[in-house]
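Letters A, B, C and D mark the chains as written, and numbering starts fresh at 1 in each.
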Amino acid sequence: MKDIHSEQKTYKFGMVIDLDKCTGCGACMVACMAENNVSFRADETDKLRSITWMRVYKMTNGLPFPDTEVCYIPRPCMHCEGSGHHRPAPCIAVCPATATDRDHETGIVSQIYTRCFGCRYCMAACPYHARYFNWWDPKWPKGMEKYLNPDVSPRMRGVVEKCSFCYHRFQRAKNKAYAEGRREIREDEYQTACAQACPAGAITFGDLNNPQHAVYKLKNSPNAFRILEKLGTNPKVYYLSTKEWVRRGVDHYLEEEAQD
Amino acid sequence: MDSALIPEGVKRCSFKKFAIWIGVLTIPTLWGIYAALLCWGKALNQTNLNDNFPFGFWIVADLGVIALGAGAFFTGFLRYILKIEELKNIVNFAVVIGVICYASALGILGIDVGQPLRGWFIFWHANVHSMLTEVAFCITCYFMVLCIEYVPLVLENRRIDAYRFFHFLSHRFHQAMPAIAAIGVFLSFFHQGSLGGVPGVLYGRPFAYRSGFLVWPWTFFLFILSAIACGPCFTLLITWITEKITRKQLVKKSVKETLAKIAGWLLASYIVLKIIDTIYWASSTAPRVGINFKSFYANQPYGIWVLITEVGILGIIPAIILITKQGRSNSALLILASFLNCAGIFMNRWIMTVQTLAVPVMPFDKFASYHPNWQEWATTLLPVWIGAMVISLSYRYLPIFPQERELNPA
Amino acid sequence: MKLDRRTFVQFSLGSAAGITLSPLPWKLTDDIAIWTQNWSWVPVPERGEVSSVNSVCNLCPGGCGITVRKVGDRCTKIEGRHGYPVNNGSICILGESGLQLLYGPWRIPSPLRRAGKRGEGIWEKISWEDAITQVVQKLRALRQKGESHKVACISGPNSGTVSQLFARFLKAYGSPNFVQMASGRDTEELAMGLMHGTASPVAYDLEHASFILSFGSGLIEGWGSPVRVIKAHSIWRTRNLKERATVVQIEPRLSRTAAKADNWYPVRPGTEAALALGLAHVIVKESLYEHRFIDNYTFGFEDWTDSSGGNHIGFKRLVLTKYAPEAVSQVTGLPPRKIIDLARKFAKAKRPLATWGRGKGSRQGSLYECMAVHALNALVGNINREGGICPQPEVSTRTWPEVEQDEIARSGFGMPRLDGAGTDRYLHVKYLPERLPQAINEQQAGAVQALLVHEANPYYTMLDSTAVAEAFERIPFVVSFSTYLDETAQHADIILPNHHCLERWEDFHTPIGLQKPILALLRPVVPPQFDTRHAGDVIINIAKRLGGSVAKAFPWKDYETLLKWTMGDKWNTLEKRGFVQEANYKPPAWEEAFKTSSGKFEFYVKALERQGASQPQDIRCLPHYKTVEPEGDHANYPLTLIPAESIRLANGAIGNPPFCTKALPDTVLKGNDLFVEINPKTASNYGLSEGDSIILETPKARAKVLVHLFEGIMPEVIAIPSGLGHTAYDEFLAHKGVNANKLMGVVEDPVSGLSATWGARARIIKV
Amino acid sequence: MSATEEKEQAVSGQAEQGKEGGEQAAGRAEIKPTSTLSRAKLLKFLVLPLLVFGAGFVVNLFIGWVIFPRLLYSEKDQPIDFSHKIHVEAVEEGCESCHFFGEDGTFSGVPGAEKCAECHEERIGIHPEEAKLVEEYILPGKEIPWHIYARQPNCVYFSHAAHIKMAKLECVTCHGPVGESIHVKRYQQNRITGYSRDIWGWRISGIKTNSWDRMKMDDCADCHKKSGARNDCFVCHK
């Protein structure tokens, strides 16, 4: 049989989130939940046990009234690249059962719920708290299971789940492309649910390697930065902010390190 | 009633008393089993673990008991490989303790993982790059080795030994013991190290992350050293407890002191290396990602006191006691040092696990605190009660202590 | 051979070997693992053919276009409709959760009749036939007794045919007591009607504004048409630095809007009008206003003399004498320098725009405050201009024939309204919903014999919940047309459940605040999931059964026929495309813009003159600041309580769906306990720290809440999240937190009678 | 042999050994049985034990290989006995008449009743199974509740387009010669996992001789490996 692999294009899908535009409205969180069959419980106030693949964090500048400033930071899975084969994403490196890997075609960090046996080592490894454990059996009130998306498998208790960059939408787009005899997909054919829903248009999604894609230009903006860049996780989620305190606030700096 | 099973020439309490003792141990055991059933039946919401603390008391206990269990392989190593003959008088007991520790570790993992029925995926779909895979393989293999080491002890039961076949088998086992011990030592070294690698490789967690040698972070080596430094002390501690309960001397003081001396020097060298590691981490590894190490200890209850307690009170003090002749020859001090040493290992494992997770990495994230709930306590303590039963049974029916007859003439 | 121990061992060993060499253990191990991957209690979404249907979301006045993704006959996702003029592909958090409302257990499965005590939650399922018959019998009896005016109706939507049907029904039946639920639009309509002569809500050209001065409007908290405003916010942020719009937020609390604004100026709660006039002072004093507009198209800016020779002061003199920065600073707490600076920046901006309406704009407010903000817009001449404001236009539809009332209807309809709207006292308003409970409670028993509630949840959303509950007690017969078992439905006697908005046809008129008129169509995306009926059909049916002139007023077969008839020639486009937009609509030029008696924009509103007053009361006709004092004295209630509105928390007639509640931050709820925001300085005065439990007390009610320390709130002010404290719905919403409406009373705006409530006096007690 | 006998034997043995050192005893035990092998002893120590052992062995092999599979799977009838052969001959475009691609790339693996109704709006033949189709499903407008042999678990994503349109695989490769079948085969369902037996394969041993004998993940992965397609998790999982 001929080598299919060689014909396959490789992408590096990533996201750029404009924090100046982000209003912290939470539409991305719910778009994600609705798209990805994320379960919910009567009491979700314990955020340490609440599954939200996309979570909007709130950062303040720490100054007292009336100089207080607030910035909202939507945080999906960063789909870390790490630094090559020897140091992949923190979570991929540690998973003992290969339940998470780097998808070679898209660069997306996968999570396979049926492979995961719930050791939670990946969660300990992830500095972004992007991984969530199913502490309970997911349950939908009677009748509500009707809205579940068949493209995403619901999870069971005892496994870890996280944002997949709506990988099933890539599968869907590719399937359509295949049916039309194409191998490549267009930028607008594959968008994540959060990017699509965001009322502020703050989330841009696309191929970071493709100069034709919007994310390519945005990630090279002087205002672009990533969270905890110094750790070397090499995330594929970039942020934009014109505010110095915001850019600085998402990483650690020693006192002697000058403002950039 | 069970006199035919009791080793020759030794005295044991009445069966009734023994039965009551076992019965007493059964109560907390059932409590632990109930908690375990809750965790399996209702899922892990039955614990205080959460997404911030995916690892908690159970993992600490696992790391801890495996370190404590190191007494088995290390005493075996000293006895069979380095040929310190004197230690044959305590090696049996060390093996018993080892079996209990490793069985506990596996048992606790069986509750800790979210999907125990898929636990075998770790072998079948192993990711060789994961420290946990290494740990799982080595622990499982080593547990088998320990069982093999434990079997001849069982075979030495008077009633079993009466069978020629078993007697013969037991003998063969004894002959193979150095080889088995060697395998055990290899496996054990490796997984003690891998356990150290578990937190050490987390490069997303600057509190735990350590640079290192080839693929191994420094914690890999520190964990090996700390385990072999504390394992023997745990053996001594349990021996002492057994002696207190049985009101008998079971092992000669000289044997204990030999073991204590070795442990002492190991502990001392560990502490020196640990201090070097801490300094290097605080001055180089952590600042490289922009973190002043003091900020790791900025939140109570995980203040700087934990470092002082771990290295100072639970490290330097027992090391000094154990390496000085006056210190270890004083039984009270010896036991105190052993206890501090063992407590130190637990504290170290707690810090490497829980504090690692408590420290927020994203600067805008909140600091979180964790304490185990009763289900976690009950299940974690379960091995203590079962261990006590196994030791009681082993002591009663197996010739664990070769010097017992000599030290307690009828 | 006897079975002895040895045989047993041998047999066992053999068995073990045999089993090991059989597939059993291996297959079983595998299958058991697969069993855990495939637990029967984890739902497997059914597969099916994928399709999508366009409709409109009517969960709020935002009116976004939606595309519903369907798999088989199930809706699986609501997404923003691409190319839709309001939201172009985006969607808000509530719209996104719409399917939870559609499929949720809070749906009412069939008509219900109360079987226990009111509010007890014991229901008896009845047939539609039965339910309608009972309502008809009751209404017929009242009509026969000549008590038709004792039937009241509360309707939620401000526009659309269904709401009009209810209004028409009451008119034909013979009651003046049709009330629409309160919203900020009431005040805007009034202010626009008085100053422009066009009584319609304000439409803001946010997209083209270059300086947005928001008087507490939660621009990104669901104010106006939420997605559209957030999109405008992004436009302000996207333009290059030179053209980037400036946003200034005037609010005592660092809301999301304040956080995203370029400048946040906290002022004392309720003093926004003073600041607006203070800004006007600076603009007038420094002559920064738009002279062409002020000189030619306004009335009452300068002092003037009436036909009978009486002298009147103008807006100019008023602001110059009374609203100097120092004086305003005293009131608002904002330094004079900042006031002057802000006024200059605002007036000098290319396209400045001032917005009115606190929070989501869902509460009514002080008329003069609205006028003051509006005067500010007039000063900079941004009326009916790009980047400015204009009266909100509508797409015209076919008008229904006039109702022919019979004698009973005529006399009933001619009775005075219970809420007093339109009487001499409250001359300028159509409805005063917030006065209704009080009016019912003040009157002798039996003022309202039957109440119909459509798409509204007054029992929860009205201020002073205790008085509302009392009013409900006094109404012997309550009929709810709700889709969900909300608080009002819970306290009804008969529930005639309406279809969910994804199950029905309905028209949707220009979303609030839009400058281009749109008419859109809701369509049934899925067949009704329960035994529900369109409220329009039900009311037509009831009218027909009542017979006579009431039936005659409803000549349509059913609602769909009526809708098609009303939409007229637009129906085909609506059905095909989903909406009709007059994209080229431009508001009239200044020359013909104003329909006031002076034909100009009126700073001095002549219509507000009190007839027959001996002395001209100029101040009454000019925008001015007068403290709207909530109940309670300062000594007993030293703190000020304000509601905090959030787009993540629906606080209207629709309860927060589980997804939205899940998205609330942990600084709002902890378990079922609600956090209130307190400045650390204030908290330390009371010895409070984060998470402490306190009793929050206002003259109206008290509640146990938790303390959340927040630097972003003014000292001495407490903010309480609005939208929680439901007693109805289900475990995902009920009994979580406290209903902010319960703590706040109605403060009547003296000139209009609208509710001017912006907060309450409060005190706290540490528990 | 009774338990008492055995005990006596053991005790006497021990007594014998007691005199000498353990090592010697063990050494002797190694030699002794071979030298004095009486028939009775052979029977007692070798043949009987072997027989007992063998019995256990065989019984359990039987349980594992024969009884277990029967217990593991339940059998279900398909709602209608469908003949692929007849249909393939009757329709114009062969397999594609019913199994075709949608515009979005979806594949009509199990065509809906609507598809059947295109020909069988009313009875066109005399076959009783057709009568069943028309009367029980098409006329009342109900879907046919087929049991799907190749239905993968919910966590699996499979694209027919990728395999057929891109990789040009034949249907037979995975599904076998279904098109030639005259009757539907019995559907067996694993009682534990709920899957069709076709996933594991009909041989309980899991051994496959044809490419379509088994549809486990490893089978997909093997083929992917051979053909150079990727084997990343997200290729086939969702």
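In the analysis below, contacts are C-beta pairs under 8 Å (C-beta built on N, C-alpha and C of every residue); 3 or more make two chains touch, one makes a residue touch a chain.
Just so you know, these numbers come straight off a predicted model, no measurement behind them.
When the C-beta contacts at B-C and at C-D are tallied, the pair with the greater total is C-D. When each chain is reduced to the average of its Cα atoms, C sits farthest from chain D. Here the chain at the heart of the structure, going by C-alpha means, is A. Remark: chain B and chain C have CA centroids separated by 63 Å (rounded to whole angstrom). Each chain gets one centre point, the mean of its Cα atoms, and the points for chain C and chain D are 60 Å apart.
The mean-CA centres of chain A and chain C are about 33 angstrom from one another, to the nearest whole unit.
Taking each chain's centre as the average of its CA atoms, chain B and chain D sit 44 Å apart. Counting partner chains per residue, chain C has residues 32, 35-37, 44-45 touching two or more of them. Residues of chain D in contact with at least two other chains: 102, 104, 106, 153-155.
Touching two or more other chains at once are residues 46, 58, 60, 98-99, 113-115, 137, 153-154, 156, 158 of chain A. Contacts from chain A toward chain C in the complex involve residues 18, 20-21, 23-27, 29-31, 33-35, 37, 40, 42-47, 50, 52, 56, 58, 60, 63-66, 68-72, 113-114, 137-150, 153-156, 158, 193, 196-202. Every residue of chain D that touches chain A in the complex is listed here, in rising order: 101-106, 153-155, 157, 159, 161-162, 165-167, 226-230, 232-235, 237-238. The part of chain D that touches chain C in the complex is made up of residues 1-3, 6, 48-49, 52-65, 68-69, 72, 102, 104, 106, 112, 153-155, 190, 192-195, 200, 204-206. Across the complex, chain A meets chain D through its residues 1-6, 8, 98-106, 108, 110, 112-115, 151-154, 164, 167-168, 171-172, 174-181, 183. Those residues of chain B lying in contact with chain C across their complex are 115, 117-118, 120-121.
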